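Right after this note come the structures.
First subunit A sits with subunit B, and in the next complex the same chain sits with subunit C.
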Partner chain A sequence: MERGKTLFWLIPFLVFIVALPPVTGSVTLREGIFLILMYVTLASSLNVIMGYTGYVSFGHIVFYGIGGYISFYLMLRDGMHLIPAMILGGIGAALAAFALGEAVLRLRGAFFAIATIGVNEAVKALVNNLNFIGGAEGLFFNFSVYKAYGGAARAIWFSYYTMAAVTLITVVASYLIKMSKFGLGLRAIREDEDAAIILGVNAKRYKSLAYAASAFFPGMAGAVFFFKAGNIEPHDAFHLIKSIEMIFMVMLGGYGNVAGAFTGALVYERLKGFLLVNPLFKNLHMAISGVVLLLIVLFMPQGIIGFIREKSKKLRGVLE
Partner chain B sequence: MILQVEDVTKTFGGLVALSDVTFQVEEGEILGIIGPNGAGKTTLFNAISGVFKIDKGKVIFKGKEITKLPPNQRAQLGIARTHQIVKPLDDLSVVENVMVGACFGKGNAGLASARRKAGEVLEFVGLEGKGDVLAGKLNVPEKKRLEMARALASDPDLLLLDEVLAGLNPAEISNMLEVVKAIRNKGITILMIEHLMHAIMNVSDRVMALVYGRKISEGTPKEVANDPQVVEAYLGDPELAIGLLKDKRGRG
Partner chain C sequence: MKKFGALLVGLAFLLVGLMPSAGFSAKKGIVIGFTMSQTGKFNSESKEQFQGLKLWAEQVNAKGGIYVKAIGKRLPVVFKYYDDESSKDRVQQLYVRLINSDKADFLISPYSSGLTASAAIIAEQYGKVMMAAGAASDSIFNKGYTHVFQIYTPASRYLTDAMDILSKVDPKAKKIAIVYENSKFAKAVCTSAKEYAEEKGFNVVLFEAYDSGTTDFTSFISKIKATNPDAIIGGGHFADGETFAKQLFEQRVKVKLVSLLVAPAVPEFAELGKAALYVTGPSQWEPLARFRKEAAGSKGWYGPSSQEFIKAYKKAYGYVPGYHGAGGYVAGLVLQKAIEDAGSIKADLVKRALERMAITTFYGRIKFDTGKYYGRQIGHSMVYLQWQEKGGKMVKEVVWPLEAKSADLVYPFSKKY
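== the complex of A and B ==
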């Protein structure tokens, strides 16, 4: 069994996808792939807390929103460049997660999941009532913001490449976390937290760190997404449906698996794209996704990649 | 003296699980703990490994008071244990299970040296060749060995064995006892709970008996086995028993 070869195909594949729009010059393709990249980032980071550690963070989109708001505010008020604003957004989300984690990660199972939904809704309500960040109406960019990037058209390409970089870093980081001693500790917590503690794992600290790591990348993704969109409002930034989509992607691909989160995000985006433009299904895409999720949980709980791993010993080393 | 337990008391609601238990463990010995079901043996292990807070008393390990430390810190100081109801990390492989012990216990190994250590320990407990199997797929005797391997991989100074022989057949029991003796020969102090009298009497240097949360007897295996209080705890009052027998004979 050859181990540790997952990134050898995953990274070239990712680079290939990223290169498609600039090579073909297709703007439609760029928009689709931008979404795929964002989904891959969201799913891979959720995988750290949900897949490796076993804590289903149901309101995980809150960190995407927090990162988005922090960076948007910095760019709007101080004219900060996207890159530093995005990093600060990620750090802000990670710190928020660390602090929250110390409180909500005491809860286990369904109680934790419900608490994270509560956190998302609470933050949404808070932002709705904070006037300095626009309240319920949110914040808007002036077009002049894009001048620093060479105009709106080039700014969109810039955000595309930035998202690609964030995705690449997220996938590599999520892989390195899984393969590290830290990752081993997280997986021990997932299997049996009490046993892990007895074996010496500092579960409390590890969970908080895992939560912070899994919040950092969505924070950056939010920053890029709302930079590109040009406006941010609470309803979009803390949209619970997106949280559910993240969980769906991780389950679909195979939780706890780097290639799984990637595959889940890819398949989900294509599925959603197909359902949304198909006149027969366009209003039913969430319902169909729900049925698919149900079928996965019932018949293929290990997800697409987990299923392949189980069937083929040879492929195990490249699907971690 | 590697472990001192002083006046440890633990209650669950109105139930007194441990009541003023005091004893000491010398370095390098095997101390057996016996007692009927519900005597507080596992509770005592939980108090030593830190699974829950005790109401009163002190636990001192290698001269350091650890009464208030969380279990993970106690593990890092060199206390390792196995569970009566095995707790394998099901979806991790056997090697990974053992590596968790090596990485996060007192050994505090890196991944590469943890993997080497896991290989050695698996061979020691007789699980060689099972390394890549998922822990959840092992049978019960193998899971008991895995518990032992995981604890050993952490390089402990004190090993708490909670009924490692329960549910094993006679051949497996004698294998396991060999493993226990070999661990002691490495210089590791062992505290073991066991229901199988002949096994624990044979392997222990000293034995301690608990009944209803109290220590009622302590000494060499022979002394404890002949202690009337211990006999009473297991079989009921010996004089009463003899009296009843006579009574029955008299009438019969």
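== the complex of A and C ==
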């Protein structure tokens, strides 16, 4: 198969998934797919800085929290509609990443990873102490907020479609970034940053832009998620475990690969969702998913998609 | 190409797992759905609460279930529950599942106010009654929910009873100093306490916050001495409350009542020895609290006595329950009473029964707000405990409310010097 055909199956597949709940009319299904979509968004955007550029952002969830807080505050205080609030949340997260990037992207390897954890914890501590955004208690919607969207039931469907749109844009954007000259520059940085600089790649600018891009989409995902949840607290918005889960999804599917981040998120969510509600495993889900994930990492270090790419030359073109 | 097809099929299979399991036969029992935090930071509180709830269900089912008048027979209680990992991510997903796939008739909230608010949106959307156990915040009860009912005394009333105690034992004591930790919870509690005190004609002579982790209270104690109050209330968490009590003792501060959050309720507080003596503090419930059937009188007693509950809990789990265990049990008990009163398991009838409810249980009174803060607990009040000396040993005694006391309040506090 030719190169550059990844999106030809990925987009229809995504649309197919999104269409399942409205077609079957199942809200239980919708809730599961909402989470899959959110995880795909988070993993695909983390992939830009981590997979393409080689900078492992350990505290990446901070941008999800920042986007969530900005949009939640705007919706609560000014009664802003979800869509503009979400876009502003995304922009806020991207700007924060750009500014932070100027400082932390000077660090490499483990130092960068540790610095990003520090950023997440620092922002969490700050938010905990800012009373105008609710401090440690967080912010809560009044239930009547959902009236503007035709009631809570419709608001949740609306947030589902919004998340689907965000996911679609994220997947396409992460593909376009990878295939562009910009993406080539990022991958050059990943392989050897000093060599890339000598070859004329503006590494500093490229890294900051990649960091901002990888923060924009989680910011929007945070906005949609907390709109649906109806409240936001520092503990949930800047949840370090979720940050680790994001890294895990990228590793599971395949580092630096668009289809990989997608598959990793899908498999991870399904595995966890299955174990969590299965009567046999529900008390052991953490232990079992830990073992399964360990096995995958041990025997398929390049991830699921990386593994398939290695085994089949034909499929390489459609699994970018 | 074949392999690619296989990949797509594989991905599609993963999705099949999402399909809700179909088929549900006739009503065999009352399904109560909830998530608990089996993992994550709320693990220990949530587990204790679950044990209480489970004990209730076992006792109910041993009698054949809850009597539902509309169908003329007893229906056993069936639990459906999942782990929410103390995180908001899956709370809504799991509650949607509980309602749609597991056909839950009633819901119990997750632990903590934040998770409860997320679950409340789903409960509200489907018109399901949800008992909020483990959510002590006031802020989720003026958000327009009409199906969420709180079991715990909300934060705004944690310290207000200290003023009632003072008015009762010493109507002349009017000067109050409030010194509290600068944390969200302590601040919310103490701000409400101040408003209440002023409303009741007290004079708040000092209202100051100290930073979390403060170890030297000298400057606060000087201010307290300068204003010469009758009572000191406040505190925050265990460590700062303990230090504060210790330094009050070292400086021989002469006041009539000291009431602090959290610290006095913890058994280790006794290690302070004489500094702990006569310090009081609020608690949701204490095993020593003796709410009695006779005293409840016209207010209507419901459920087991305190001794019966403690005995059953100890038999099942091997130790005396704290307030989380009692709260879980009472969440079930209140729901049971509402179903019996309504004579039906229809959500709107049960909701109306809850609105009308005014009962006393071993845990205290239960009554719900039906005004602006719909569903907030207004019947239950904190019990106050005091550290007293018995035979050379420090013991915790319940001194308030009077109908539940295990000993008389020792007053004034300065008697210990």
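Worth pointing out:
Note that in this section the second predicted complex is superposed on the first by the 297 of 320 C-alpha atoms of A that agree within 3 Å, B and C clash if a C-alpha of one lies under 4 Å from a C-alpha of the other, contacts with A are read in each partner's own complex, and residues count from 1 in each chain.
Definition applied: contacts are C-beta pairs under 8 Å (C-beta built on N, C-alpha and C of every residue); 3 or more make two chains touch, one makes a residue touch a chain.
The structure displayed is predicted, hence computed values, not measured ones.
Once both complexes are superposed on subunit A, the partners subunit B and subunit C fit side by side without clashing.
In the superposed pair of complexes, A:Asp192 makes contact with subunit B only, with no contact to subunit C.
Between subunit B and subunit C, C touches the greater number of residues of subunit A.
Looking at the shared chain after the overlay, A:Leu240 reaches neither subunit B nor subunit C.
Using CA centres, the angle subtended at subunit A by subunit B and subunit C is 140 degrees, rounded to a multiple of 10. With both structures placed on the common chain, the touch criterion links A:Met300 to neither subunit B nor subunit C. In the superposed pair of complexes, A:Gly200 makes contact with subunit B only, with no contact to subunit C.
When the shared chain is aligned, subunit C comes close enough to touch A:Leu20, but subunit B does not. Using the contact criterion defined above for the overlaid structures, shared-chain residue A:Ala165 touches neither subunit B nor subunit C, since it reaches no partner.
Using the contact criterion defined above for the overlaid structures, shared-chain residue A:Val292 touches neither subunit B nor subunit C, since it reaches no partner.
In the superposition on chain A, A:Asn231 makes contact with subunit C only, while subunit B stays out of contact range. Annotation: superposed on chain A, subunit B and subunit C show a minimal Cα-Cα gap of 21 Å.
In the superposition on chain A, the residues of subunit A touched by subunit B in one structure and by subunit C in the other are 1. Within the complex formed with subunit C, the subunit A residues making contact are 1, 9, 13, 17, 20, 24, 26-35, 135-138, 140-144, 146, 151-153, 156, 228-231, 233, 235-236, 239, 241-242, 263, 266-267, 270, 273-274, 276-277, 282-283, 285-286, 308, 311-312, 314-315, 318. Within the complex, the subunit C residues that touch subunit A are 1, 3-4, 7-8, 11, 14-15, 17-20, 38-39, 41, 82-83, 87-94, 96-97, 100-101, 113-114, 117-118, 120-121, 124-125, 137, 139-140, 142-145, 183-185, 188. Contact residues of subunit B toward subunit A in the complex are 49, 51, 70-72, 75-76, 80-81, 83, 87-92, 96, 99-101, 103-106, 110-111, 114, 132, 150, 154. Only residues 1, 180-181, 184-185, 187-188, 190-192, 194-203, 256 of subunit A touch subunit B when the two sit together in their complex.
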